[in-house]
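Encoded as structure tokens, the structure appears first; notes follow it.
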Amino acid sequence: MATAAVVVDAQPIAPEQVSLWSDAWRRLRRNRLALVATIFLTFLVVVALVSLVWTPYRMSEIGVTQTYAPPSSAHLLGADELGRDLLSRLMVGAQVSLVVGVGTQLLVLAVGVPIGLLAGYYRGWLDSVVSFIINVFYGIPDILVAMIMVFLLGPSLRNIIIAIVVTRWMDMARLVRGQAFSLREREFIEAARAAGARPLKMLFGHLFPNALGPIIVQATLGIPAAILFEAFLSFLGVGVQPPTPSWGSMANEGVAAIQYAPHMVIAPSIALSLTLMAFNFLGDGLRDALDPRSRR
Amino acid sequence: MFTKGTLIYIAQRLVLIGFTVVAVSSVVFVGIHRLPGDALLSERLRGQAYQLLVHHYGLDQPLIVQYWNFAVGVITRGDLGESLVNRGLKITPLVLHELGVSAEVGGLALVFTIGLGLVLGVFAAVRQNTWLDYVLTTTSVVGYSMPNFVIAAFLILVFGVWLQNVTGGTFFYQLGGWRGDFGQLWLPAFALGFPYASIVARLTRASMLEVIRQDYIRTARAKGLRERVIIVRHALRNALIPVITILAPLVIGIITGSVVIENFFGIPGLGKEFAQSILNRDYAIVIGVFTMYAAMVGLANLLVDLAYVVIDPRIRY
Amino acid sequence: MGCATRSTRARDARKELANAILSVRNLRTQFKTDAGPVKAVDGVSFDLFPGESLGIVGESGSGKSVTALSILRLIPDPGRIVGGQVLFRDQDLLQVSDEEIREIRGRDIAMIFQDPQSSLNPVLRTGFQIDEAMLAHKQANSRTAHERTVSLLKKVRIPAAESRAKDYPHQLSGGMRQRAMIAMGLANSPQILIADEPTTALDVTVQAQILELLADLNRELGTAIMMITHNMGVVAGLCTRVIVMYAGQIVEQGPVDQIFESPQHPYTWSLLRSIPRVDALRHERLRSIEGMAPDLLRPPKGCRFHPRCPFRIEKCLVDEPRLEEIHHGQIASCWVTMDRARAEMKADELRDISPGAASGLRPGEIIP
């Protein structure tokens, strides 16, 4: 006598539905480099915030110790050519870098995204004009123009940010334009158009959210590019003015004394390198997390 | 390969470059001349001597006229003017000489970049997921995350401490002719090129990985070709296409990065001249150098676009 | 259609020599995934005889392409051939060295692929890619290779062969590209040509031309063709013998006309039945096989087709059937077989072909 059995057909297991963002978040979390980078950046932000109210010594105070003093217990990173505490200056320098990095990208987003969306979606003469302008800007050597601009307008943090934005907004604009280009052919845009969506809603309600992934990646990777740019400018002497420390200008001062006081150039160099690395790893992690085709 | 369409394209691009150079240099021209004070004033000349000089340089004329004279001079005679600081020093020969210096360093850096970058990238791709791959990949991110002066400083520290033949600090480049010592040039060239080599390596690796998974590679394997032939002849040529895309910004990056490196090492090239002239307020030179740079950038862009035509037969303008 | 009728081909088939040039024995290929190994090919055995055209038919995921790739050891990571033998000229291809298999590829056994657009290198000239096949195996020097390439292109009926050879793949039409690929495959006069869905990516009219070309080449050159396809029509037009695969295994095998007339495995039967007929009454619904392709990670217990089979019985849920000879030259793995389904379950009049519809063993039923 056969035992009773129920005929159950094996149903294929339906894969769990995930949205792009939750999937991306999960992938990002698994990326250890990105995680370490985020921790470091959080630490950096904390340091910068702390330095707003407190640093071990006043960063502009000359002669708190012997000039060119090597690192000691009182001065963890030593002192510079004017006897200023390097650690304090480094901490304040973090403010500068972060402000420049994030500030430029916010502006670049504000300028580049709308221009890119308009050019990519509407095409036609608008796109021709915008593309032409973008190409002209790409023909400009950025550091030179930035140097001249800063020199003309005066070396302040605000002007540096403006100079960087003016020379680098095209990266974002071109990216967004490309995204808008390919997205506009997709069915959901056609559907929205058929449903009578108004231009503003079309651009910012439909196109923009779908292009958000690459935009975020570009902005994240734009931060270290901007910080690097500012470091170059400061290194060349057209950055923020003393006594405000910038890691770039600190490195410049350090290079002059490299033979007998190497700590002066090492500290800001490491700070710069680690910060740039962290942002780059984070940006890479974001890119891999958001790319549906990425491989294991 | 160079069809009529391509030649028309080249002509169009040259016009565009000309336009850009004119537009950009005129903006700079105007901007600079609005600055209070100039090299002449700083010498505290008064009265007639000053007026004479002003007239000599044409600074008493309306801006438009000044620019027109400048533009005409550049286009017809290639004359970029005369230095404000060093009277009688013609800018064009000065700039051309310094261009040669910069080109040597920059060219060497480019060789580093492409050579090192491609080789490492291909290796990392072929040995994917081995420890070599991980080392190379991480090193490359480190590589392009470090400012070139940091790399330079690091190299000086290392080589200045361990080897005596490099003097730390300011680094003098023998002005004794074109063939500068490779031993003196490699350090700045390496510092200049290493970040870009890292970028190239990364991109090459990613590109190779993509290409290796393509169907035509499978076909090549099914034909019984040797692995080496498959990598070099079939994979690499296709993998290079995205690399060429970044070649333009890369060359421009080397050009602008050389500004920093030259100032760092005291190399008497265009970049150093530019920074120095700004500080000296020798605006004539500033404009002259800038115009030169703008033209170089435009040409670099054009050359890269033409490189596409050579590599990818599907692209024809 | 070509001038050879089915019966002529069948006669030729029976005249073939008894010695197989390729013997696949119990081939097993798996792909490693996070969730475990996916058994893409799970115990496949068959022979290929000189000069014959063998069709391997199955839906996506049945393992037919993987079988072909395994023969030449072209399985990419994370795939691995985990068992079995591929016997060719007294050698087991799965055991020979890398260098030896490289020599066999393209020279003795050639393979052409589905999408000629992506299967040809876009930056190299078409003619050169064919020359390469010969140069790699030192079958010619560059001059003679070029001459032979042009004559090959003519043989595959590409007009203006001389100038076409200098063209890049993107300058050719889809049909011409596929012909060029065939020329590439035949460059060294291989004994076996494996064609992996060569017509799937082409227009219907071009498909017919390519198939005709392959049939003619098979006859003229005596190259054995292993044709992988999901299209029964292609098999009918070109092949003498056919293998039907499902879920990584062979479920039926035999001469083409026999299989078409009297398929024994319910899957084959359903496949043939699902081909829409021009003369069908308009109110008849399109007949498709219910259910989805099986999960190769955890294949169904017993017969792998049972979740979709209208004729399943108790035994099918529990025991895996083995390939047995049902009629002369025709083997199938089924506990029921269509003979019995026709006799006992009125298979021919069946309207509803949902699982268990004919045998009464529907999903959810309790078996006493």
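Note that the chains are named A, B and C in the order they appear, and that numbering of residues resets to 1 at the start of each chain.
What we mean here is this: a residue touches a chain if its C-beta (ideal position, glycine included) is under 8 Å from a C-beta of that chain, and two chains touch if they have at least 3 such contacts.
Source: prediction; values computed, not measured.
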Among all other chains, pick the one whose mean CA position is farthest from the mean CA position of chain B.
C
Any idea which two chains share the most contacting C-beta pairs?
A-B
Report the inter-chain centroid distance for chain B and chain C in whole angstrom, where each centroid is the mean of the CA atoms.
56
Counting only Cα atoms for the centres, state how far chain A is from chain C in Å.
53
Centre-to-centre distance between chain B and chain A (centres being mean Cα positions), rounded to whole Å
24
Can you tell me which residues of chain C touch two or more of the remaining chains?
none
What parts of chain A, by residue number, touch at least two of the other chains?
none
Parts of chain C lying in touch with chain B, wherever the complex brings them together:
72, 74, 76, 102-107, 110-111, 113, 115, 118-124, 132-133, 136-137, 168, 170, 181, 184
In the complex with chain B, residue positions of chain A that touch it:
33, 135-136, 138-145, 147-149, 151-152, 224, 228, 231-232, 235-238, 248, 251-252, 254-256, 258-259, 262, 265-266, 269, 272-273, 276-277, 279-281, 284, 295
Going by the contact rule at the top, pick out the chain B residues touching chain A in the complex.
16-17, 19-21, 23-24, 28, 31-32, 34-35, 138, 141-142, 144-147, 149-150, 153-154, 156-157, 160, 168-169, 209, 252, 255-256, 259-260, 263-264, 274-275, 278-279, 286, 289-290, 293-294, 296-298, 301
Per the contact definition, I'd like the list of chain B residues that touch chain C in the complex.
213-216, 218-226, 229, 233-234, 237-238, 311-314
